[in-house]
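Here it is, the structure, as structure tokens.
Chain naming follows the written order as A, B, C and D, and within any one chain the residues start at number 1.
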Amino acid sequence: MEEALLASGSELVTVALKRVNVADAGDDILRHLAHPQFQLLPNTSGVRTAKEAVFAAQLAREALETNWLKLEIHPDPKYLLPDPIETLKAAEELVRLGFVVLPYIHADPVLCKRLEEVGVAAVMPLGAPIGSNKGLLTREFLEIIIAQSKVPVVVDAGIGAPSHAAAALEMGAAAVLVNTAIAVAGNPVAMGTAFKMAVEAGRMAYEARLAGPVLHREAVASSPLTAFLDR
Amino acid sequence: MEEALLASGSELVTVALKRVNVADAGDDILRHLAHPQFQLLPNTSGVRTAKEAVFAAQLAREALETNWLKLEIHPDPKYLLPDPIETLKAAEELVRLGFVVLPYIHADPVLCKRLEEVGVAAVMPLGAPIGSNKGLLTREFLEIIIAQSKVPVVVDAGIGAPSHAAAALEMGAAAVLVNTAIAVAGNPVAMGTAFKMAVEAGRMAYEARLAGPVLHREAVASSPLTAFLDR
Amino acid sequence: MEEALLASGSELVTVALKRVNVADAGDDILRHLAHPQFQLLPNTSGVRTAKEAVFAAQLAREALETNWLKLEIHPDPKYLLPDPIETLKAAEELVRLGFVVLPYIHADPVLCKRLEEVGVAAVMPLGAPIGSNKGLLTREFLEIIIAQSKVPVVVDAGIGAPSHAAAALEMGAAAVLVNTAIAVAGNPVAMGTAFKMAVEAGRMAYEARLAGPVLHREAVASSPLTAFLDR
Amino acid sequence: MEEALLASGSELVTVALKRVNVADAGDDILRHLAHPQFQLLPNTSGVRTAKEAVFAAQLAREALETNWLKLEIHPDPKYLLPDPIETLKAAEELVRLGFVVLPYIHADPVLCKRLEEVGVAAVMPLGAPIGSNKGLLTREFLEIIIAQSKVPVVVDAGIGAPSHAAAALEMGAAAVLVNTAIAVAGNPVAMGTAFKMAVEAGRMAYEARLAGPVLHREAVASSPLTAFLDR
């Protein structure tokens, strides 16, 4: 796993608190994850209310010695979809307590703005249900979120292929969060590398078009090659 | 332009015969394109029948000293969509004449098999109308073509972003042909690089999943992370 | 307009409070809308907070003599997307005050459940941004909402064609809310009729498949006609 | 089955020649299908070449006393996708022999024009693979076909729900061909009725917008309701 993480070039790795035995110094996952390349990002997966989330966050801060937090509140065990009300409530309290909060939420542009207003460090809207690998089903709303946001937008959940990750970055997302697609690949290390390249490609494409026509607009293209030669 | 081509890592560069002044040794486009990294692939863009295509191909072979040929026959000047009947007829004749034929066609699985049977070197089905940048609109049919084909499948037309190129490779396409998306980018060199990385990412993802579950299938994934740790 | 409404077979017609001059008995819109076929459904379009919504709702109840209310809270004037936090807060208060509350919301399954728990009469998730006519972009989430909901699900916003309305009903939605598509049609009365038929067709298809295979599943269909003849 | 056909309001019913025992006057399918409401449209399903198709067509003309013919040539038994080359060849011959030819083809705009030029009565491009119920996957190309065609365009294959049929008619298709979706429904008679209403709704919507803005264009919609009231 460590090898796949390194291959992916990840800078943040999220770890479920429930999976970590905080009392056990030799905990296996933590040992795997403690690495200078990436920073641990504890998450609150499994909590169902703002109150539980704040409690879990405080435990995590002590155990992992980081005030970064991926805030996840999903009362529904079937689809693991996030609760907008509890998430905003918890985010407000956690920011007040000095946490760097990255909330996982539905691709809801109004909620994203409200989270930004209470001081989260980034917003993490979903592309599709967790584990579905269906990609950017919420594309239309992600575009609005990215256009409006003053904090980085990280697309979380649903990213099932490097092409999905590239598409998110091409739209202007700051990053993506990937788990299932790498974890279940035949060769997770190669898949991690593929995601790394796709993310870089997507970012480069986003930047490369800034001075030119919008990439996704239908091209008139009477003679694009000629235009190209004229440069 | 040369710089963008090098950045993209292209191995084949197609050039419209109509744009090349074959009598002029100092022709500007050819000078740009003559480079050890990539092979020239003359195309028959502009012809409307099999007969015209065969004639143009023979001219190209003499002028450019290559028997590789991208066969394009599109009678319709508006959408530049290929003609299946004339393309098959020309392909049959050109293979007989010793050409290495790469035909541009609709994403029609039966036509692809027929072209394979007459001996083309690869098939080049379209993803979307030329210049539209709409990506893999024909995905459903490309999947059938790739599953059935014994020759390489190169997705031509419609590829408007690195994420589209990555998606084509993830499906098992051997390559993509890109023009407009790079030609009209604000920074064509950077965009060429982005496409190169996306193609490599897509190919790597295609290979990385061979031993594992199909990437696009809806994940059951009760606990993918655990499965991952077990490796 | 009255004719188009009758043609559509609508049973509820929503009217923006801001457009109604409640002091003016001869208000033009109300005269158009007072009709035995459909019930008026005042909406709170234009309010930005729960507090404003509750105030507007009380005004509407007095003016229009109905306690039915379409609850719309959208602080953002550009996309008119709904605010999940204020909507839940207002819904809770309005239910307490005896209103029959139909909230307009993002296609957020968790929010829908929370609104159901505070006692709304139906939920009205959006299909696409208002006025976009893009149809059921949120299809994946609407399916989850419909599967989980104990109150009727009315798809609001984005319905741009009768086929979109039919698709919503085929999925199990109880109804759709349509405005722009009919309002801007060349012939609004005919378009209203077309929507009516499409809604009926969608509902009938939803019911017709109950005893059979799921309509959208990929058919195995070795010989569907034979199976049909065997009935 | 007869009841479902009547409910659907179909005017043409296609029947596979292979299923009909032409020597047996009491053939069961024919007895079911002989009805004043709809005309029989024999099809050549099962043939693999133009020659076989012409032979089958002549048999059908004698047996069923009609010169109408749905021309289907699909050499591939797995996906039943049509062969463009053999279909054009057979169409040319059959038109010469006095048949009213309706060819089933890929959604290939150039092929459609060529078939129109040899005199077919209509073109029948596919929406998606037969039996897949996936709807209008070829939408982009169907739009081009409809815009260019001088003969009616009938969308064949892939229509899996009334909403798909409505969408085809909204785009300007003249009709749809439906089998699996009705044949495998829990209640085929109700499903037939649903398709009938959806087709009528789609056609009505197509006509209703002729004088107004294009239905699918993104609405500017500063105030559609006001525009509506002004009529």
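FYI, contacts are C-beta pairs under 8 Å (C-beta built on N, C-alpha and C of every residue); 3 or more make two chains touch, one makes a residue touch a chain.
All values derive from a computational prediction rather than experimental measurement.
A.B. asks: Tell me, which chains sit next to both chain A and chain C?
C.D. replies: Common contact partners of chain A and chain C, which must touch each of the two, are absent.
A.B. asks: Can you compute the centre-to-centre distance for chain C and chain D, using the mean CA position of each chain? Integer Å is fine.
C.D. replies: That pair's centroid distance is 33 Å.
A.B. asks: If you average the Cα atoms of chain A and of chain D to get two centres, how far apart are those centres in Å?
C.D. replies: Roughly 46 Å separates the two chain centres.
A.B. asks: Touching at least two other chains at once: which residues of chain C meet that condition?
C.D. replies: Within chain C, residues 132, 134 contact more than one other chain.
A.B. asks: Line, ring, star, complete or other: which one describes how these chains touch?
C.D. replies: It is a ring, because the chains touch in a row that closes back on itself.
A.B. asks: Sort out which chains touch which and give me every pair.
C.D. replies: Pairs of chains that touch one another: A-B, A-C, B-D, C-D.
A.B. asks: For chain D, which residues count as touching chain B in their complex?
C.D. replies: Its residues touching chain B are 74-76, 79, 81-85, 88, 106, 108-111, 113-114, 128-129, 132, 134, 137-138, 140, 144.
A.B. asks: Under the touch definition given earlier, write down the residues of chain B that touch chain A in their complex.
C.D. replies: On the chain B side, the touching residues are 1, 4, 16, 19, 29, 130-134, 160-164, 166-167, 170, 179-188, 190-191, 193-198, 200-202, 204-205, 207-213, 215-219, 221, 224-225, 227-229, 231.
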